[in-house]
Amino acid sequence: MFYREVGQFKTSYDADEAIFPIAQDRWSVIVLIAFASLGVPLFAGQYLYTEVLIPVLILSIAAIGLNILTGYCGQLSLGSGGFMAVGAYAAYNLALRLPETNIILVFLFAGVMAMLVGLLFGLPSLRIKGFYLAVATLASQFFLEWAFARVKWFTNYAPSGSVAVGRIELFGIPIDTPGKTYIFVLAITVVLTLAAKNLVRGRIGRMWMAIRDMDIAAEIIGIRPLHAKLSAFAVSSFYIGVAGALWAFLRLGSWEPLAFDVNRSFQVLFMIIIGGLGTLLGSFLGAAFIVLVPIFLNQLPSWLGIAMSTAMISHIEFMLFGAMIVLFLIAEPHGLARLWAIGKEKLRLWPFPY
Amino acid sequence: MLGPVLETLIGGLMTGVLYSLVALGFVLIFKASGVFNFAQGAMVLFAALSLARLSEFMPLVLAFAFSVLIMIALAYAIEFLVLRHLVNQEGIILFMATLGIAYFLEGFGQTLWGSDIYKIGLGLPTNPIFILESVFPGGLLIDPVELIAAIICAVMVLVLAVFFQVTRVGRALRAVADDHQAAQSVGIPLNQIWLMVWAVSGLVALVAGMMWGAKLGVQFSLSLIALKALPVLILGGLTSIPGAIVGGLIIGAGEKLAEVLLAPVLIRTFDLAGGGIENWFAYVLALAFLLVRPQGLFGERIIERV
Amino acid sequence: MRAPSEHEIAAGNVLLAVEDVSLAFGGVKAVAGVSFDIRKGEIRAIIGPNGAGKTSLLNIINGFYQPQHGRITFKGRPRAAMRPYDAALGGIARTFQNVALFKGMTALDNIMAGRTLKMRRGLFWQLLRIGPALAEEIEQRRRVEEIIDFLKIQHIRKIQVGKLPYGLQKRVELGRALAMEPDLLLLDEPMAGMNLEEKEDMSRFILDVNAHYGTTIALIEHDMGVVMDLSDRVLVLDHGVKIADGTPAEVQADQAVIDAYLGLSH
Amino acid sequence: MTGKTMSGIRVGIALAGAVAVAAPALAQNEQFIPNLVYRTGAYAPNGVPFANGIADYYRLINERDGGINGVKIVFEECDTGYATDRGVECYERLKGKGPTGAAYVIPLSTGITFALTEKTTVDKIPIISMGYGRSESRDGSVFQWNFPLLGTYWTAADIILQHIAKKEGGFDKLKGKKIALVYHDSPYGKEPIALLQKRAQMHGFETLFLPVTHPGVEQKATWLQIRQNRPDYVLLWGWGVMNSTAIKEAVAVGYPREKMYGVWWSGAEPDVRPAEDGAKGYNSAALQHTAGQFKLHEDLKKYLYDKGLGAAKWEETGEILYVRGLINAMLGVEAIRTAQERFGKKPLTGEQVRWGLENLDISADRIKQLGFEGELRPIKVSCADHEGTRTGRIQTWDGKKWNIASDWLTSDDSVIAPMVKEAAAKYAAEKKLTPGCLVTN
């Protein structure tokens, strides 16, 4: 009853092509964004900002990026960490060498550089598929990790190999508190998410999905695999690069290449598997899941008043993620997002059983 | 100059043998069930941990026997809990599922067995052997542990080859590898075969874990050798046992030679902060190969049908 | 047997000609020296027993397989082989024996995907989805809705095609092919696995497409009744070799055909 | 089950105990201390004993003394896995806990120390990086919140070089020699490079830097290069599984262990034990203390282990890294005690504890009183010197235990001080800081 689309007639294709054709969806998204930007700052403390909201938002951008490539276009990548590193170091170097550059431009540059590198490493996807491609993306992961540790110019000859960013400001306003950082990240996330939503429901998104579902048939209706795959690599790497720069600048502040190692790649992949392959909502749910579970596990023993060692918590985290991935792949390949959709379906009929 | 190069080559080849051993586990599973088992590395860790911890209480032989049982139980659990539910899924989904299994096993293994460094005391000689001392100054170095590992690996491959060629189970396995449905239609029970093949690759993991463990100690990082075996597979072809062996040797020798010979040149030319190129070099080598010959050295050509 | 249509009058205007084409897999000859043509506006049937090389021939026409020998002339342009993309660009659409839809997408998106070639706006406009990109999308949507109406699949528009029954999937696939506004439509067993009612529906759609859009159609079909009803001309293959070519009546009377095919199935 | 898993569980019990006390009472008389550790992953073999030492000392203070002057210590562990980003996460998660927030943070990783350096300045929480961290951070006028107590990596490298020079008969004898550094490819491993380069320039020896990729199990090529380049000495800056692997590989290529010198993080039992007899003769720097039980252990036994409250196994309490954990925790507790003298016997803020650290002055008598005699030399911290003392020794593994193999060696400040000054000035310039001592009211 609460989620009814009955009675909402679309009188034009224009209306049906709107970004959220169902009124409840439209309103809930508007309310959600309004709440996130206006409501949350009323009560959020520093911990909620820096440990939950900011990391979830930034990782969601990375997850959207990987979801475009893997979930929408069907090209498995284990190189997200490397592309995040490209974004981080590109942003670092631009901010370092042209300190007057607007921070928005810095992040755009990060995305563009990651996009170019992504295009380069996406080229093999034309010849190789599936886990062969996954292994090829691992090659890029290891190479990039190595390059940022070894080429001294990237780290401005820092003897430790660790780099740090200074003050960040936007149009003269310093982004120095968790609250401001959050709003800034939120704005970027909203813009990038809406752009991704537009892409995946238009011509390009259909091209990606066609390649994913059946690349041979796609070619026959005039979709060039080269075009589709490379555009997916480009857009995906752009998002991941921006996420990497945000992660480095607004979350870590100081980092070394290990912050973007292969575990980061796995982490982002797990987000989209658990959240839902080929859904944008899933990218958010997956990121939230991956961020919240360790926090939750750490709190759990004290809530329950039982003894659990630090090592045990870590091990459980490993086991839980592993089990969740298998479970989702078996039971619900579309992940948390699908569970959400089923829930919505139920709400549509509630309280009537049919 | 020749001495060091030869020595690096020998060292690389022997490391390569150990890679082959891990890659072999991958190949077996892929051949029979089409699953690209990323958890092979975690299985190596798990097997080695079992062996190391059990051997603290009992003679090594007994510990080995128990570990074999544990690996078979593990194979059964994987088949029963995971694979059975993912029949007919795309390869990529199965691959991701094994990623999940790998994570689970890493946590589970450490919960069960601990996360310290453990010893596997095979009583192998550790001091280096030098050969051809008359030809090269200082002789050529050979690590006896690796030499023994190489021999064990060779025996292992021989046994597997015989197993596949001669036994009834082996023939059934090959039939399954060729065509699942056809094999099923002539009455070969798929589930049993899969169980079998996971158990065998568990055994291979145990041997690999034993050799690596004897060399370096058993510790969490063992699971990372899965990442080392991937380029080997790409190079050798996913379905070929000889491919895994030859691929391992090429990757092992290639990466060590690159590190010793190429890295110093790169460092000088580009003013790098150190070498350490072997990690990606193996992958780039495999990738370059892949672009030329997508099915790998010995792999079967993949023909796509509409 | 239907009355000669107006298209047959226009016959003689060749859209696609295949000359002496051969294709072998390993040692097996799938197609051996086949020559035939498809005329503008006609409905051309390709028949033959299993393994006769029918599907292989379609695959050669739209560039899936590269023939080892022979020449294809499409719209007056001869070439040794097609590429699938070039075929699509040139206006060749097709459906498959085992439906080749994009299973994760809705029926609407599947058909919209068929209009990819008609859409021009690049990444930037797509990102914003305002102005030209939105206008283009809405324009194409309008065309696609016509096809949806025509195939009477309005009710399944927003359902993932993987969840649809087989018959409807076939219809969506036809819709996707039609969305390309093809000059030549290749149908590989469009009625396989359908019940009588569905077959009648599908026959009606095929005839309507031919009449309504003037689309040239080449189809592979096993049901001889359907073939005789629908087609203007029939090509008969057996073991990769052409054994007859002519009107349904001529083919039906051909001794070689009766021996190789009709004789066996009747 | 035996071993570390079990001991881990015992820590858990101890931990939950503390939390259970904390939660219902909402007691305000508690000092919260976060504990960044790693009990899992590639570095667990070294992380676990250290974490146990810290945990046991805090518990001992609570059990024996009822806290620091009556202020109970509440601590919480967070597993970083030695990963910098996890470390930052842990820090952020724990920094605000307790009535006054975190007293100080012990990152137990140079990478995490680097990452936290700027954050702690904003949050006003001091970092104790005992025997690690940024070498230039001993300059308290620039790095006001960093305390690399007992010695930085420049100190460590200098002590080792002094020992080698002594063996060779003076620094001038190093001319033409070749010294290799096998290092963990992270900020930790890279720290000594600057000092080695400086000393190489001064004395004319050659250097060879060989990075080892995380986690350090892949060192075959590294050691083949060592065999082929035949350096006169090999310095090892490894951690966790990398150390034991390095020694094993040295055995495999026949490099004499007597010529290998590890930093003090490469000189504990887990590093040499897996190599068995092969490690015999291997040297490492020692951070003032040695292995073995000492006076404090009487209390540890009486108040913790006899009651089953200890985090480790009793036999493990004499291990090097466990002892180091004890010392680290003790220095932190003493800093709080020092600060309490000025700010009152109540839970203190990080800012107040920082004052305690900067005015930390532990005399020989006090060390004896604390039960650490023989494990630590007097330490006096000041704004100009956040290191407090820079003296160490060299120890050698005889196959069974570590033996002290040198006199006390103090790093040469005529070499290091200018380097610190330069590096700190560069940092201050980059961050636009005005150097100066921090005054806390």
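In order of appearance the chains are A, B, C and D, and numbering begins at 1 in each one.
Just so we're on the same page, a contact is a pair of C-beta atoms (placed from the backbone, for glycine too) under 8 Å apart; a residue touches a chain by one contact, two chains touch by 3 or more.
Here the structure is a predicted model, which is why all the values come from computation and not from measurement.
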Chain occupying the middle, per Cα centroid: A
With centres defined as the mean of C-alpha atoms, identify the chain lying farthest from chain C. D
What's the distance between the Cα centroids of chain A and chain D, rounded to whole Å? 37
Centroid spacing, where centroids are CA-atom means, of chain A and chain C in whole angstrom: 41
Could you tell me the distance, in whole angstrom, between the mean C-alpha positions of chain A and chain B? 33
Could you give the separation in Å between the centres of chain C and chain D, each centre being the mean of its C-alpha atoms? 74
Residues of chain A touching at least two other chains: 149, 161, 216, 311-312, 314-315
Residue list for chain C, restricted to those that touch at least two other chains: 64, 96, 100
Could you say which residues in chain D touch two or more other chains, in rising order? 4-5, 39-41, 44, 48, 185, 190, 211
Tell me, which parts of chain D touch chain B in their complex? 1-5, 39-42, 44-45, 48, 185, 190, 209-213, 215-218, 220-222, 224-225, 227-228, 241, 244-245, 248, 251-254, 270, 273-274, 276, 278
Which residues, counting only chain A, touch chain B once they are in their complex? 74, 76, 124, 127-128, 130-132, 134-136, 138-139, 142-143, 145-146, 149-152, 161, 216, 262, 266, 269-270, 273, 311-312, 314-326, 329-330, 333
Interface residues, chain D side, partner chain A - complex: 4-5, 8-13, 15-16, 19-20, 23, 37, 39-41, 44, 48, 51, 77-79, 81, 83-85, 88-89, 92-93, 96, 110-111, 114-115, 117-119, 134, 185-187, 190-191, 193-194, 211, 214, 430-432
Within the complex, chain D is touched by chain A residues 46-47, 50-51, 55, 149, 159-162, 164, 166, 251-256, 258-259, 261, 263, 294-295, 298, 301-302, 305-315
What part of chain B is in contact with chain D in the complex they form? 4, 7-8, 11-12, 15, 56, 110-117, 119, 126-128, 130, 141, 143, 145-146, 215-217, 219-222, 224, 228, 255-256, 259-260, 273-276, 278-279
